[in-house]
Each structure stands twice: as structure tokens, then as C-alpha cells.
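Naming follows writing order (A, B and C), and every chain is counted from residue 1.
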Amino acid sequence: MSETKSTNIILFSGDYDKAMAAYIIANGAAAYDHKVTIFHTFWGLNALRKDEPIKANKTLLEKMFGKMMPRGAEKMGLSNMHFAGMGPKLIKKVMKKHNAMPLGDLINMAEEQEINLVACTMTMDLLGLQKAELRESSQYAGVAAYLGEAEDGNVNLFI
Amino acid sequence: MSETKSTNIILFSGDYDKAMAAYIIANGAAAYDHKVTIFHTFWGLNALRKDEPIKANKTLLEKMFGKMMPRGAEKMGLSNMHFAGMGPKLIKKVMKKHNAMPLGDLINMAEEQEINLVACTMTMDLLGLQKAELRESSQYAGVAAYLGEAEDGNVNLFI
Amino acid sequence: MSETKSTNIILFSGDYDKAMAAYIIANGAAAYDHKVTIFHTFWGLNALRKDEPIKANKTLLEKMFGKMMPRGAEKMGLSNMHFAGMGPKLIKKVMKKHNAMPLGDLINMAEEQEINLVACTMTMDLLGLQKAELRESSQYAGVAAYLGEAEDGNVNLFI
């Protein structure tokens, strides 16, 4: 049992708190010497977007999607409706008070731990997102690559 | 390692985009020669409903549930609140433009690939759904059958 | 293959129906002689809260969170927006009619089956929840303990 264990997380959700959970588990698994991959698909792709707007040649629909979707981790909303009124700002205030890491820092740590941050190419195509709009550390793959990793994985989660 | 690998997905969600993700992964895994099962429970059961209304002997409450729940894959809504205004119609337009398969076609493909489409009998009983209302290819089982498959599975996901 | 199989569920969601699904799977797996752990994190922690208010020394923000979050399983809301109007009350009525177990009973059964009900200590710290507010059967651990179990687990789910 000396072989490397692996954790493969599909991040489908665009919610701030769910993305936090994904990155906390991923960073924990990397600290345990797992090979870790986060496969960002659908709304989860927003976690990899750069903060600043990127000039890109887009159709009208793609531009609209680009504007409507949160640009980067810190712009994502919460999953829990009961908190919608206060939202991520309050959560971030509480997190700061408890020295918990905001999502952006968790993603930076994931990069430092060499976690594979994969962007789903099918979703990119669908929503008109381009490589220039995503973090430099992003890798690009489809569902086949995910399955190739996950079928031998130890911890596979859909978040 | 020549034995068949298996993918077991619990589809709990009644969201159009989550069901798409479930069926894209399932079809991918089937193409990889996995034995694939999608266990439809709670709101995920709606993906298996036939489009047309079926005459059935129901209580008032069951009739009400039947009317309120979307009848078939193409009637399901989106998980992402930010898009609620535009909803599945816009997504479908974008998908069509990119030649992506709508959910109904993904389910048909799953049938062709002999993916096991299982309807959770406990949920059927709870919501008053009857076999005649679900796709002919549906199989019927409970949580015990799911666990029997999943405990030896390679990729187990809850969507 | 005579070793004990294990099921490890992360319950992130605070939705009544998702918590039901988690506990139904967990109880099923325990009946199959799996070692079962439910790791309650973020909003999932509400399932472990006691019904009655507990006197605790809290900051204003913590008091606010404590009031806003549902106190115990039976106060949790539904995931499905289409039913928001009627909510858990109708579901419970339907469940009663079909002799299905409400969430509170499913949790009691989990305790009887010696399922490990773990409260995520990071979330407790973040939301200002104290041990006195949670079920006596609760265990306390962080993500590292979860990963230690899950990396050798058979069925790992994020709900």
C-alpha cells in the first residue's frame, strides 16, 4: 500500500461556501500527500476566473454570460438562502475574526501545493470562457480525463 | 485488474444542469466500459418522467405533487439562481449553438449505452409516482440495491 | 475481502430533504455492517443541534447566527424551490401518511446503529456553536480525521 492515494473533486457549484469546502478538503488531502485534482465544471469554473476583465473576441451571448457570472472567487455568492440577505460579506467578516482563510487564499494555497486545477473545456466552450480569462495555473481537460483519474481514486466527490 | 470498473451516481437533484452533469459523466463512464448505474431519488426522479400526462388512480395530494413536479427532463429548472430570470431556455439556445446535447438526448444515449436507470421505489411511494409515468427503460430498487453496487464501485457520486 | 467496508458522508447541506437522503443512506449502510461516519460541516451542522435554546456565552454575531440557523433537524428547510411555498410541513404530512421516518427519527436510529456523528470543529468555531448546543452523541473532529477515514472508504459522498 505504498502507492500514492488520490483525491478527485468535481466542483460543479458556483457557491462561495461550497467552493470553500472543496478547497479545504483538497488542501487537506494534499497535506496528506494525496495526488489532488479539482475538476471545475459548469458554475464551478467561476472560481478560476481572474478578477479583472479580459479583452476577448466574443459573441453577444458570450459577453452577457461573462458579465452575469461572478469574476473570480471572491465574487461568488452563498448556497444558503437564509443568509442571502447578508451574504458572503458577513461570512467573510466572521472568517476574518476567526483567522479562517478566504476562498482566494485557499486557491493560492492549492496552487502552492501543486493541486491540479482543471477547467472543463466543454463548459468553457458553452459559456464562451477563454483561457486568457482563467488563472495561469489552470489545466484544460474534459470528462474523459476526469474519469481516467477518478476510476483509481480514493476520495471522489461531487460538490 | 481486468475486472469491470463501475460508476454509481445518485441523482438527488431536480435541476436541469445537475442532471446534465450526471448524464455526461455517466455516458463518459459507459464509453470507458464501466458498468454504470444512475439511482434517481427524490427530485432526480423527474428526469425519468414521461412528457405526457398518464392517467393514474391517485389521491388529491399525489395529484398535486404530480402537477407541481416537472414532467420529464426538458421541463426541469436550473440550479443557479443568478440565471433564474432567463433559465433553461437560454442555456438550451447556447447549447444548440455549440452542438451540445440537451438532457433528453443525453438520457436517450444513456439508454442506448445500457446504463442502468434506476428509480428509487421509496421516493415513488412517497410522491405517488407510478411505473406507468416513468420511462419504459426504468428499473426499480431501493437504497439496499444502491449500496450493494456502490460498495464495490470505483466512482461514486451524489449529485 | 472479509474486512469491514466503510461509508463516509460529508453532510454540508442544511436542507431537510438532503439530510434525509444522507441519513437514509447511512442507516442502510450500517444495516449492511459498514462502518459509517457522517461528517457534519457548514450548514449540515444544524442537523445535530438540540431543539431547545442553550445558554452560552457568545458574541453578538454568534448570537445572531445561532438565532438565524435552524435549531435541530425538524426545523430545517427544503432544497427544492418549487416547494418552498408549502415546505417541509407538507412533505412531513406525506411522509406520515406513508409511514416514512421523519429526519429526527432517522438521526435517532443512526445513534442506535452507532453511526459516528461527527461535528466539524472548524465550522463550530466559525459559527460560534458550542458542544452544549449539539447532541450528546456528537463527536468532534476536523477535515484531517475525515480524510483519514475516507481514503480507505468504499462509499464516499458529499451531500
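We adopt the following convention: a residue touches a chain if its C-beta (ideal position, glycine included) is under 8 Å from a C-beta of that chain, and two chains touch if they have at least 3 such contacts.
All values reported here derive from a predicted model rather than from experimental measurement.
Of all residue numbers used where chain A meets chain B, under half belong to both copies. The two sides are thus made of different residues. The angle of the rotation superposing chain B on chain C, based on CA atoms and rounded to the nearest 5, is 120 degrees.
If you average the CA atoms of chain A and of chain B, the two centres end up 25 Å from each other. In chain C, the residues touching two or more other chains are 156-158. Across the interface of their complex, chain A is touched by residues 10, 12-14, 41-43, 61, 65, 68-69, 77, 122, 125-127, 143-144, 146-148, 150-153, 156-158 of chain C. For chain A in complex with chain C, the residues that touch the partner chain are 5, 7, 17-18, 21, 24-25, 28-29, 31-32, 34, 79-83, 90, 93-95, 97-98, 100, 154-159.
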